[in-house]
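The structures come next, written out as structure tokens.
Two complexes are shown next, each including chain A; its partner changes from chain B in the first to chain C in the second.
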Partner chain A sequence: MRLFGGFATAVIAIGVGIVGVSLTSAPAAAQKRGGTLVQITQPEPPTLGSYISTANPVGQVAAKIYDGLLEYDFDLKPLPSLAESWVISDEGKTVTFRLRAGVKFHDGRPFTSADVQFSVMEVLKRVHPRGINTFSEVTAVETPDAQTAVFRLNRPAPYMMAALSGYESPMLPKHVFSQGDIRTHQNANNPIGTGPFKFGEWRRGEFVRLDRNADYWKPGLPYLDRIVVRFIGDTGTRAAALERGEAHVAGFGAVPYNDLRTLERLPNIRIETKGYEMLSPVVELMFNTRKAPFDNVKVRQAISFAIDRKFVIDNIWFGFGKPTNGPISSNFAASGLYTAEVMNYTVADGVERANRLLDEAGFPRRADGTRFDIVHDITPYGEEWRRFGEYTQQALARIGIRSTLRYEDVATWLKRIYTDYDFDVSSNHLFNLADPVLGVHRAFHSRFIRPGTVFVNGVRWSTPQTDDLMDRATIEPDAAKRAALYAEVQKIVVEAAPLAWTHEISFATVLDRRFRDVIVSPLGLFSNFDRAWRE
Partner chain B sequence: MKTFWPRFLSNPRVFLGLVWLGLLLIVAITANQLAPIDPFAIVGRPMAAPSPEFWLGTDSLGRDVMAGLIHGTRATILIAVVATLIAVGFGTFVGAVAGYYGGLIDDILMRFTEFFQTIPSFLFAIVLIAVLTPSALNLIIAIATVSWPPIARVVRGEVLTVKSREFVQAAVLAGQGDAAILLKQVLPNTLSPLIVTGSLLIATAILVESALSFLGLGAPNVMSWGFMIGAGRSFLRQAWWLVTIPGVAILLTVLAINLIGEGLNDTLNPRLSDL
Partner chain C sequence: MSSGSLGGYIVRRLTQTLPVILGVVIVNFLLLQLAPGDLATVLAGEAGGAPKEYIDELRARFGQDQPVYIQLFYYMRNLLVLDLGFSFRLGAPVLDLLLDRLWPTLLLMVATLIVSLGLGIVMGLLAALWVRTWKDTVISVAAIIVYATPLFWVGLMLILVFSIRLNWFPTSGMEDVVAFHEGWDRVVDIAHHLVLPTVTLSLFYLALYARLMRASMLEQRGLDYVVTARAKGQSERKITTRHVFRNALLPVVTMAGVQTGGLLGGSVVLEAIFAWPGLGQLAFQSLFARDYNLLLGIFFLSAVLVVIVNLIVDVIYVFLDPRIRIG
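Then we have the complex of A and B:
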């Protein structure tokens, strides 16, 4: 499945059917109307303005309210949504979207190309944290008629086509959001979109209620009457609510991994690991590559060899993970961007190799058996990260590196790693997102060595060669050539090991078995649940 | 005071408390001999139930719970005792000066004390740890900072009653300086309530340290009982021993300290116990 296959030949897809876009193609069960789905989201979102905040809980709520131009299947291939069809021409520098007719916002006003123009040029390109990057090549959105939106690009941007979902790039009503300052807009928390659910009520600290949009443009959908998004602060209470069937859906880290294994055994619960394919978190150890001894590639490789990836996945993530050596998630195998042909750190004799590398690097063991001392800044995100730090401490001890763990609050930690660069080793995880341009380049492209910007190149490693490969891959419209460029990038960075990539996290969603067709897209909880139904 | 020890030790509850504390003290001192491994070392299969190999089982990463408990004894007691000593020292100083000099100094010092007293102590400790970053030293600082105000108030009250007594006035007439009067005449006579409050403070300090560690704000490189509970609480349903064993240790220790504290109170304030 090639995501950008036939790019230059223009027509990529034409949405014919409106309903019947069955992604999971489950046997046609008799879907029923009605019912209330209770979703647990943790923590409570700070806002419902998904056009300005990419915080995880925001998307879990707002994606039910706002549609995007496109949807995606599990191979990350675009499907029609608000855009019925699209044509890419002019060697990738013009993208013409044919918009669906008769779509109405929740306030009854029609959705037109002017709304697309406004959403992309005035909002997403300006204030969306990732949109700034996604739409950086878009110079204009032209609106020849109400159902046509023409994106004019400076250079081809194949990754843009992967970022047009209702979660990533919500389409906003111009007549509402063009009034006043978009950054502090009053309708952020009273959202009006075209999605299957309308905003009902937000009782702070308790829940957000979303009501069925009877005028939704997909006839007969959604099936559910209501979605209630509950906010439950205590981990144990969340698990208990799911166990008792008072809540029906919870994902990401809302239920700890070890509890997932307990819930899994209950007859009324199903655990689903699909629905995170457009996020693809990869866990990494970050090295301060401009500081001794981490300026030495052998030291970095040694540490990567010393981590027993299987132990980490089995005992810290309770099996919800997959060992890896490189930065790009295997979820990109379908689009050809992932390669396993890189240096392999997941070997049985990792500890011996690591010891050898450290000897070669000029760090012999001292009288007490240690080689050197470091400080490891743990990711302050919760228990498993802490255990990962404690495990790493033991793993490094085996190769003679004595590490002290430091645990700070998120703000202090972020400043230390991404502003002051005052660290030896830290652990973290970056989302690959919908395309390596969006989620992977930031970790080791020289353009992303930006003091003060978080979750970018904090290791301050780059080479002109890898920069060039990534720059070429960014605008390469041919899928095969693009895959070849990324294969080379992966080969080089995995060997240079500016970060030690250890494993992909498989997030899991807890589902009540009475609810069907809930996770039907790679965006999982960030999708709109229009086809979810209750038995 | 001559009859103190016989009276004190003849109390069976005190005796039990002392036995438990004595045991802990021995364990704390000989921790490295009893369990000569790093308590953070991964030594076995994760979450193994108690067995002849690992008497108290292993935790989620395969660390020996027995070793953790032994090394945790040392860390927990050390942090609690040092924090209490600092709190008692500082609290006594503030209380004694305030009570002895009275007037404006008393007002200033007591408003200062109340400032600390009005902030809920555990929340205050959380804030302090969040600001200072978690480490053994900062735990001691945080616990001491939230623990001294009651000491200051107790000492001030005692000093106020003692300083008007004849022997103090005699010392003033004899020309002794303020410091000498405070140290030699006044403070020795405030000792009994101070000892009782101070000993109970150790129990509180253990609880605060455990609670902070439970919340993940404990020292990341120090194995303490609170750390063990915090690390094991998510696994209560899969591995009961991870939380239960250090929990029982904390329970027994706090109980022992309270028994001793009450025993001290009974012995030092005999009139109360005779009622």
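Then we have the complex of A and C:
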């Protein structure tokens, strides 16, 4: 049994004991019961069925209602939740979860191993956009008794253990969701889970109201009486509502970066950058690597050299970011999967190097000083992306590439990049998620060159060598060996530069100071707020 | 004019508008087909990526694997029984979604109509009475400034001043989601939340109506019937209130009728600023999400509302100006 090498044993050892710790470690003196927390989520979620839609706003609401088998600490190590303890055996091909007894769904029915079996095999593995990958190796979930769920795997899947939170893999009541078609289930928008908050009401265009679950399995929790999730379309109004204390928490760019610095100065507001460790967005420039001139590695490297990462972070993201060269976020440094030992594009003489590379690549400057023209498709996700596009335009002009910016709506842009491949350069950011298998492979593994599938390998670059390394890392149970495989992957792709990774974004959460212990997990707003309380 | 003929007129007008609404639906349906991207891609995009099988399955579920004319045929057939379809993105029947959002929209619309028409008419009337004095100039200049100021800016400034600085009104929303008032308190609470959006939206229309009313008053005052009335020895006051005012109202009422359609869809910006849960936001979101069932439903409802409002305006004409006959 060596799924995670050294730390797996440790995890299992602390598995049983930790609940006591996590519940009582915080000072018990101050917490108070009661109060309503108003969260701003933008945009309004299309549904509350987090088992079928992984859209960001859905998770921000549904994660308060559904628990998962596990929770995670800030080092992304698993902690017990609905599963009290777990044992990984059979060389990583069997995972046995011991489930907590006495847990009840919001409708009063008990939570048992049958619900785990149903949630994983009938729902997540079939209809969850990411669950289809996460649980692809799971062949069966056996239920020897009501409190035991045994996952049988085809091959080891170390990444699966990182994807069992209530946000990523919610545990659903079988007696509710097994009736009727899961894809159009009427309880999608009337969710019933085991979480600290029960669904109250959803007034479309206005708010979702979540009420305290008095029978929550963590004794004494949650502290809050109610969470109301409000939807406010205008960025200025969102900031105003927070400033006036009408709303108390907002994250994920709901408040634009330029307003964050203003809000930060108010006495009633605090800015928190923790709580995004399990998402780890990395900004990238995508190159259409099957089209000239981007089929030439020197052109791609030149563009990566031309971007002044520090300037971008300081001036466009207002300091909320960290320069990078590669696809894997430094949040994976703790698990060893991140390496800084890759080709470094963050150099002082970047522009000179870029010019030299372009000369070598056979694109000399023409009479007007330019080398060639491109169109840059900007990610349609807000103001900072527009400014990033404008910056890139100027940066590329310095090395003789004349770019035109194109800004389309989300649906049009997605179709252009991931279905028609009708682009030169685009800017984007992909979440690393809980493990590189889930969030990183998709960007440059040949398996993910799939026309019509969005947020995958739109650059259509791959090599048999990197494919093989990633395939081996996927099932490698030994942590050190796995890290070595990823180190090699990072070295190769950063040099080949099918994408130019520029920086990790630090999202920021705006918090009303009256509320405490709101962000206590690497999932931040995607966690259940059971320990949040109001002064 | 008997009530029977009025009823007959209304029925006749409504039958005449049926093809119009039908046309609106068909044209919109076909226009939407031209937009690139579809709901399945958007849903997958919102999910942060999804396998191709998943997207294909979504398309099949939405009926998007069928040819366009078949989709149109099904849509029209369902429309006959007022089945506006299902919003797959929001997981709810379109009709329910529309009805939920209709009343906040109507509330804001009616409040705005009352305030802007009422104040606009009074301002226009006063400006006309004080024509070419400094008071007229003040009213006219104020109207032009308000008319020329962008709606979103006015909205944000009102929030800044009246809710953040003075703390008189809430920034946004339709009711207090911490208190959740009930009964009479709730009515007061909603009215409290209604003030800023109504003022913002009214300012724009108010300026329009004031200018129109002023011009219309001045025009009417020069007409022959006023001279006649004056010759009959009627007092200026009576001439203004009984004759000029009523006739001057006609263009304003016409304009208000036309604007109602715009009020319905044009408050998208306003709804976003004040987080008002109306139809405008719904339309905006459904367009960007390519949620065509929902969007078509909104178009349909808007068309129906515009037709009804214009009918009401035509009926009001009769009461304002007895010379206008229906039939």
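Just so we're on the same page, the second predicted complex is superposed on the first by the 508 of 535 C-alpha atoms of A that agree within 3 Å, B and C clash if a C-alpha of one lies under 4 Å from a C-alpha of the other, contacts with A are read in each partner's own complex, and residues count from 1 in each chain.
Keep this in mind: a contact is a pair of C-beta atoms (placed from the backbone, for glycine too) under 8 Å apart; a residue touches a chain by one contact, two chains touch by 3 or more.
Every value quoted in this text rests on a predicted model; they were computed, and no experiment measured them.
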| item | value |
| --- | --- |
| Chain A residues touched by each partner, larger count belonging to chain B or chain C | C |
| Touched partner set for A:409, first chain B, second chain C, both or neither | both |
| Touched partner set for A:246, first chain B, second chain C, both or neither | second |
| Chain B versus chain C as contact partner of A:258, first or second or both or neither | first |
| Partner chain(s) touched by A:334 [first = chain B, second = chain C, both, neither] | neither |
| Contacts on chain A seen with chain B and repeated with chain C across the two complexes | 409, 412 |
| In the complex, chain B residues that touch chain A | 38, 40-42, 46, 60-62, 130, 133-134, 216, 220-221, 231, 234-235, 237-238 |
| Contact set on chain C toward chain A in their complex | 35-38, 41-52, 54-56, 61, 89-92, 97, 100-101, 104, 152, 156, 159-160, 163-164, 167, 170-174, 177-178, 180, 271-278, 281-282, 285, 288-290 |
| Interfacial residue positions of chain A with respect to chain C in the complex | 36, 38, 43-44, 46-47, 49, 53-56, 127, 129-130, 132-133, 183-184, 188-189, 203-207, 209, 228, 230-234, 236-237, 240-241, 243-244, 246, 409-412, 414-416, 419, 431, 442, 450-456 |
| Chain B-touching residues of chain A, taken from the complex the two chains share | 235, 256, 258-259, 261-262, 315-316, 378, 382-383, 386-387, 389-391, 393-394, 397, 404-409, 412 |
